[in-house]
């Protein structure tokens, strides 16, 4: 039988994971409850809700990024199809931007295997050195460190770390992530600080969530950021001008 | 100058609509606050938050829909690119499914122009008849009524109507939407009840939001529903079987 | 029964519209044959093949457009998922860019209804004036005229018109398209010349193809152009620099 | 300077890789010429054109696949946005379906390094055993063998192999691919024959093309197949029925 445990429907009822959507969910669950309930089959604890809110707020986006620019450039060609502009903005969430939360969380979960909850600093650093060595050997990128703009430190990281601490999620995964940045900085003799991707990966690992959920939640957050950008593009357009700015940078292009 | 009012960034600060993302937003705003703040430049009132939560919860999806099925079928081809599966599931949010919230809200805003807040029932019905006549003349679809499965009434509608009432959003737009369903049912001599799209459009119109936001919020909600489906597809797959079920329905296809 | 006439498969055979893919199609059909065969169930005549090649070549893209820029910006975030970058570049093919071939072809087919094949110039102009008047009354855009860069005339149009003439496709649809540009230019007292979208729409209408195919073929052509851009982005990147160029245009953004 | 070598534009000219699009390309290049010219900067030799046509024809799709089903399910929600349905159908071209041409071609190019053009059969088999061992050690999938439906042999393979032979492309890469299938079949004591992905990867490797181009060309081919499916969905719909077939398979769903 082809089926899903998420829900089913009859002519007069919609059931979601055993509850009646109309009488037991709508108006009683907020959106974070619903994300947990459909994905994990349970409502979140208050501290889980706090962290997921922080994650969604952080990934919503801000300013001009490749993602918001792709969304806006798509919108000006097909303003009747908002879904296409949002989809275009999401499609860059891969192994370089945003999607890396998944990879970083996988790295932390793998790297922290066997570490006791009360591991000492030296034990954590040893694990960090192992992670770095293995990734180098397999020529895999190390995620969660460095930023093209925030070269001296990602301003979101201290807030996310503090929030994790307050809610009991500053655990071995977080400490491993911090140690990876520390060891890399020492080895490379230039600062390679933790970035927001690393912080969110640490949160996700500390919460015991599947790393794929990290990428998924970042898509939910980003879809809201893209909505904001596209609403602004509708009322105060800039994408066409941005495109022409790029065109004009090559003097062979001659515009009217 | 090419710019956005949503935000800008320096090497050590990220600003979003005048606030410092790291010190004034993360950990202090929940996700609904952030959606309002980035999109509209202000935080929501409590009753707005209630309604937006209801809207996101309602659109998150449930069970097997064309959207969740498209997302799952995409995931099984490219499990390394979750963003593609979510994007595929969003791309069907158009003039037939989900995206129609936008069209229905536009219809209500246009149709309710000039109606006083305390319009009588007959006045509302007259406006409904006008909307229906104009749409027929221009051969445009009327959105927000009827459902392929919930033929006797969409179970989500009473809950959404009650929630709107409790929060002061059962206004002329809602009444116009209800009247359109009523008049159509009478004209066609068969029930053509309001559906969830119509209810959400009425809420969006009553809240004074841009109808494009309705479609946008439905994409945010749906992206969460797609995440749930794809997480399940990862652990308890069904898309491949669903595909083969469709294949086998045509006896010319012979599978091993 | 759920089925498609395009094809079916058994454990040892793949059939496409009645032919055996392996023994009767691969190596015997070129790509244009295959497009016609799967879509229309027949191979193209030589002159149809000439025109479809011209259409695909014209829509393949060139230089920096919103579409190629969106594709490149997506690629740099998710280089492991080429399909996402191509999809992002296609998603802007809507009512403003590219997708307008469909709208323009629909306009020409509708507007030329009842015109005899040998209609005189004045009769064609009368039809053009009707199209323009109707579109104004219904506040619908007129497609196929004007260009943001080629303000004095789109250089592709004479070539496409000549090619249509040589192949017997310069018919009433083409003449109507030319007349629409002529009448608009007279009315507005500034040049509003035919653009490539209008020329391709005229070709599609003259060939008797469904206008939706026009949009579809433009997507096929554009997917090739996007491939070229993304291959270049891989070896000689520019998208990251383009993004930063846009960022730097707003002095509030401070980059390292 | 932010620039592309693919092309630039002035108010009256469009240049593509040094040629004038309007006077030197449209009407003179066919689509395969254009793909080579924009991507590689040169026109293809006749035998290259033969192979690329075969590749595009093979990947165009046929019958009901996860890709065509995702495209159709998207189309019925947003028929006004064909680009979204095509994009949705492309997004599953990843590490499991279609996109694997890239991975398989990379495997062959890497595995054939150092093999002389006239390597003996045993030398080729030794290389095949090396590839298999390395992939097992690194827990990476071996691409290009086996098929869920064509369990005794993919019917497209002999045709593609013969075509490669006739055009001088049956080289060490092809022989390595054949040897990998042979060795795996012996090791596993059950047939694990070459599939169309493996054959196309061998062609791409033999032609000396970048493996990323293999995935890219498969997207171009598939976009044509998706167009055929969506044109049929418009005139003879089946996606809604396919969806309901899946729904009805779970008896908890009760449809009218």
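Letters A, B, C and D name the chains as they come in the text, with residue numbers starting at 1 for each one.
The rule is short, and it goes like this: a residue touches a chain if its C-beta (ideal position, glycine included) is under 8 Å from a C-beta of that chain, and two chains touch if they have at least 3 such contacts.
Please read all numbers here as calculations on a predicted model, not as lab measurements.
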*Chains shared as neighbours by subunit A and subunit D?*
B, C
*Count the C-beta pairs in contact for B-D and for B-C, then report the pair with the higher count.*
B-D
*Quick one: which chain's Cα centre is the longest way from subunit B's?*
D
*Computed distance of Cα centres, subunit D from subunit B, in Å*: 36
*Roughly how far is subunit A from subunit B, going centre to centre by Cα mean, in whole Å?*
23
*Where the centres are mean C-alpha positions, what is the separation of subunit B from subunit C, in Å?*
31
*Give me the residues of subunit A that touch two or more other chains.*
2-4, 8-9, 11, 15, 63-64, 78, 80-81, 83-84, 87-88, 91-94, 98-99, 149, 151, 242, 245-247, 249-250, 253, 255-256
*In the complex of these two chains, what residues of subunit D are touching subunit B?*
63-67, 69-70, 73-81, 84-85, 87-88, 91-99, 148-149, 151, 239-240, 242-243, 245-247, 249-250, 253, 255-256
*asked:* Which stretch or stretches of subunit D touch subunit C in the complex?
replied: 2-9, 11-16, 20-23, 25-27, 29-35, 38-39, 50, 52-54, 56-58, 60-64, 68, 81-84, 86-88, 90-94, 98-99, 102, 149-153, 155-156, 158-160, 162-163, 210, 212-213, 215-217, 219-221, 223-225, 227-232, 234, 236, 238, 241-242, 245
*Provide the residue numbers of subunit A that touch subunit D in the complex, in ascending order.*
1-4, 8-11, 15, 78, 80-81, 83-84, 87, 91, 138, 246-247, 249-250, 252-256
